[in-house]
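Paired with subunit B in one complex and with subunit C in the other, subunit A is shared by the two complexes that follow.
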Partner chain A sequence: MRDAAAIVELRGLVKVFRDFWRRQKVTAVDGLSLDIYPGEVFGLLGPNGSGKSTTIKIMLGLLHPSAGTVRVFGRPPQSVQAKEKIGYLPEESHLYQYLTARETLDFYGRLFNLGARQRHERIEQLLEMVGLAHAADRPVGEFSKGMARRIGLAQALINDPRLIILDEPTAGLDPIGCRQVKDIILQLARRGRAVLLSSHLLADVEDVCQRIAILYNGHVCAEGRVNDFTQSKEAICITLPALSPAQIEELLESIRQKVGAEPQVQHPRVSLEQCFLRVVQRAEAAALERSGAAAATKLAEYLQSGTASES
Partner chain B sequence: MPERSRLAIPITRGRQFVSLVGLTAVETARQPICLLLAICCVVLTALGPLLLLHQFGEEGKLARDTGLALHFVFGLFLAVYASSSALNREMNSGTAAAVLSKPVGRAPFFLAKFGGVTLVMAVFSIAAATATLLSERVSEKFEQTGKVVGYVTDWQTGFLMLAAPAAACLTAGWINWRWRRPFTSVALGLLLVLLLGVLWLGCWFDRAGHLVGFSPRFAWRILPASLLVALALVVLCAFTLTLSTRLSIVPTLVLGGAIFVGGLLSDYYFGRTAANSVIAALAYRLLPNWQHFWMADALDHEGCIPVEYLGCACGYALTYLAGLLGIGIALFEDAEVK
Partner chain C sequence: MRRTLAIAWLAARTAVRSRLVIALIGLLAVVVLGLPAVIKGDGTTTGKIKITLQYSLGFSMLILGAATLWAACGSISQEIEGRQIRLVVVKPVQPWHVWVGKWLGLAGIAALLLAVAGCAVYIYLKWHLQPDRTPPEELKIIVTEIMCARQKVWSRSEDVGRAAEQRLRELLQHGTLPQGMTRRKALAALKRQILTERSAVRPGGIKTWHFDPPDKKWPVPADAAGGAVHLRARFFSAFALEKKPISGTWQFLDDEGELRGTLPMDAAPEKLVRLTVPGEFLPPSGPLLVRFVNGSEERSATVIFDTDDGLELLIPAGGFAANLARALVILWCYLALLAALGLTAGALFSFPVATFVAAALLLMALTGNYFAWMSTHGEGDHHHGPAEEPGFLQKIGAQAALAVSVAVRPALAFAPLGKLADGQWIAWRATAQALGILAGVYPGMLLVVGVLGLSRRELAAPP
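Up next, the complex of A and B:
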């Protein structure tokens, strides 16, 4: 992925918010620099008020930087040509309350100048992908938060973007929805799209991101690959099939003699998410009735174009 | 660049613009206050001939003046509210950010907001103008024919005109129940259609209610006066929309009201002293003079508004619009959309 040029280049970005009298009120971003490349999932982390959303809005041309340079696809962020390749899911699902789900996607499709037939095909595929085909003709104002997030995700993908910016994409979603969104993100990255993910849910970030940047007070405190952050180099973990207590004790004694350290024995843990999904899958297999959204995990057909690559 | 590509970009941008205008118009029309103001304007205009007891020496004058005044006043509230909320509401709710994160320029977005609000104002103005025409027709007039000698009030048209808002609401309610279409925008559209229907029916009947064949016997000279009022409202929309690029809704409403009052009194306060005071001269030239758009008195005693005057007033309005929208675009280009 590093062979390609960066899609997003931020250099020395500064954003100062001023009051009505133009006095400095708060410095939201202070000398931030980072790059995002095609085919990677980049996580933007930080506590509240660290400048994540401000940085994203500057990338989209919604806010003007006080200093520094921003290039998106080699162009200024306000450029219409740059925005044609971007899909954005805001932190809150800002949707027109009186439009139905289908009308919402149709409207955003028109903004990208998609033809009628292409719009129709993509809308049907996206509604199926996010599990809202059954609620396509309901006003968005009647949706739950999770359903609104799903439509938000769908509108972010209507134009088959090369850069997808997701601000808290799993907020309000049930565990199944969270897993589906993460699967979609991974599939998009494998197809060569760049994904910028901003989230407070560190487990989700750990699941999907390859690189992260941690912001504090408007600048990058740490940046690098997720594995470099999370893997401990000071110990190793060996997984074995289940052994009898006698076998375990024999193995431990051998390690004590050869290594001279006291090893720890514990059963591998399965995440609560995986347990939950297994229970739901068993219930689905038993054909128990289920209300609410039921999405396919398969990416919409038109989003499957692009080079499949190992992440 | 090939010729086809040169044309494709403006065509696609045009389609995008039309989508934005349409959405703004629909979102504005779906605000309940829009329907409420339109119905109040129409109903009060319709009640005018029934409540007024004096002619002041001219038949139909008070009904006509009342209709035009109600058009102006209710239109003022609608214009200021609709245009300030069209941009402010979207910027506060985040939908403006959602749209501007797409390949939409700030200038087309701003102009589309103006276009959408203007579309709704056009619907309101047509409804108000139709109501004024009908109200003037209903008002008591002296007739002397083989069948009638004396003052005649066109009760039939008056009844139909009053029934139109009620029928529009009932029908919109049924449509909402049957097909789940939004009540307010459907009712607003139906109100216009039904009023135009009453106007068309009135072309077939005389004031006594007798079928006489198609004969459009209305005071059509009212329409240029209504057009001038509509132009004033559109200029006010542009003012308010420009203010709302930087101010929240309450300051925008206050300043919009101040500009309206200032423009109404412009001749009296600034016009008289403009020759002797630079400030007065500046204020007189900068503030729109709403008196140019109020020509109800010109219709007295069968008077008409000359086409030349209409042309000048349109030019005046277009000049203001060009200036205001240019300033609005410049302010919006630099605005922070959170």
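Up next, the complex of A and C:
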């Protein structure tokens, strides 16, 4: 991963918000530096007001840095060449309410200068992927929050971006939607795309991110691989098929003798998310009608370009 | 181009979906069809047709102008406030794509609505001018005076510079030049005085005007058949209280002084006199001399012709439908300029501020001439003593008003509705100039300001 050049390079980034009279109001980002590489899912974590969204907006050219440098694909963020390779899903999907889902994707596709045929193909695949094929001709103003997030995600992928910036991508989605988005993120990363994920949901970040940076008051307080943060080096866990009480006692006695410490026995737990998914999958198998978003199938065909790698 | 057109399509769609277009079509229908029914006019069909052309289209322009300015002010600023623009500018688009795209969309909608208003007016006129609805005599006047396109040809302006210089020298020699009057002002006043003197024709006297043919030749009689050549004169009697009719003869001569025809005149002063000039009175090429021979003292009085528009020749230059189309193109240019003004204001300020700034700028542009005149001439007269020397602030204000007046003068030079209602030809050249100036140069300047503002503005800044 690190063999390739960084896609995003932030060096000593500072953002000071000022009032009308140019008096300093707040320092949202203070000396932030980080790199994001192709094929990695990078998580930006931090409490409210820590500077996550400001950092993303600076990377997208929506805000101008007070100091420091920003390079995206080696260019300033306002560069058209850089923006051609970026997909962005904002924290709230501010879409044109009167456009239908298909018109919305068509409009953003035109902004990427995509030809009519290419747009048509991609729109159909994306609508299928985000589970909105049945609602393609409904105005997005009528969509639920979850459906709006799905169409927001689809517009972020219309240009087959090399860098995908997702601000709270699972906000407002049901557990199936969350799972689908996380699957899409992982599949995109496997195909060499870089994903920058900003989220409050630590479980989501843990599920998909390889590296994270934790921001506080505009500073990077901690940065590194997720495993390095979450793995305990002082204990190990061995999972076995279900055993009888006698067999367990025999094993424990053997461990006590060899390790000299008291081992713990626990039954592995299934997460509530897994349990929920299992129930819904059963309901879907029984062909129950849904009025909202349908379950997605797989990553859109045109997004499957690039070498798939094991994550 | 695809990006710009995508934004244009979106801007047009926004206007349609927000029901603005439907509301405007309803308002235009009320104005175009309702106004001629409400306004009484002079009771003649000719008056009604003039009202329909001038007021219906004028009010339509007022409504469309206000709506275009308002929609343009909100087009960018409301998207910034509603945050939709964030998803647009993070795509590979430049600020000028956004500005030009929005402008094309708004100008396109304005063109469509103006075309609807224009077509409605045209259909209404055609319906109204059926032989069973309009008396034949009046129909003839309307067709030859209003529903036509006649080119106005002015007589050569008289060179009175030398005579004015001579008179000024005499005044200086005798020391009778009023105190405090500059040489420039004195010369201008003397020129005016000489022109007024020369515009008077005593009974039995003669006055001659020289007309140069437009495009180097006069229309041959066959050309004139579709719409006759007219001579239009406005004059006053030297005896203001005595409205005695003026009798005289109009003579038409070629450049070598050969008489080509005469027309008798017996008309009351202070009214516009229209005379139809037969085609054979006009020379094939070269200047046309028009001579007024005032009648005898018993049958006439001293006549004073208006120095500004005393005499004009109106020659047929095209059909009414094409003239209406050209007038609509010029009106559209004004709407395109208003769209540009609103977009630039919206790129720089929030919606309410943008609307206020755009309206204030528009007001300044429209009143700049008046304020420039006021600041240089002042109000009232100065018969009771010499004029006060203007103060520093007054001078600054005068210069600012003058600058605004000079800057907007080219934009205010077109007045298509007055010409249309008067049956005057709106030249292709004037239409092209309007397109260049109103829909090219001014929007171009506003584009630069708007794009600079949009580039420097932080589109995701907290409110």
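We take it that the second predicted complex is superposed on the first by the 309 of 311 C-alpha atoms of A that agree within 3 Å, B and C clash if a C-alpha of one lies under 4 Å from a C-alpha of the other, contacts with A are read in each partner's own complex, and residues count from 1 in each chain.
In this section, contacts are C-beta pairs under 8 Å (C-beta built on N, C-alpha and C of every residue); 3 or more make two chains touch, one makes a residue touch a chain.
Since the model is a prediction, treat every value here as computed from it, not as a measurement.
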Subunit A as common anchor, with subunit B and subunit C clashing or fitting: clash
Which of subunit B and subunit C A:Tyr96 touches, first, second, both or neither: both
Partner chain(s) touched by A:Glu273 [first = subunit B, second = subunit C, both, neither]: neither
Partner chain(s) touched by A:Glu9 [first = subunit B, second = subunit C, both, neither]: neither
Shared subunit A surface residues [contacts with subunit B and with subunit C]: 57, 60-64, 78, 80-81, 83-84, 86, 88, 90, 92, 94-96, 98-99, 107-108, 110-113, 155, 159
Residue ranges of subunit B in contact with subunit A within the complex: 12, 15-16, 19-20, 23, 26-27, 30, 93-95, 97-106, 182, 334, 336-338
Subunit B partner contacts - residues on subunit A that touch it in the complex: 57, 60-64, 78, 80-81, 83-84, 86, 88, 90, 92, 94-96, 98-99, 107-108, 110-113, 155, 159
For the subunit C and subunit A complex, residues of the former touching the latter: 2-3, 5-7, 9-10, 13-14, 17-18, 82-84, 86-94, 455, 458-462
Residues of subunit A touching subunit C in the complex: 17, 57, 60-64, 78, 80-81, 83-84, 86, 88, 90, 92, 94-96, 98-99, 107-108, 110-113, 155, 159
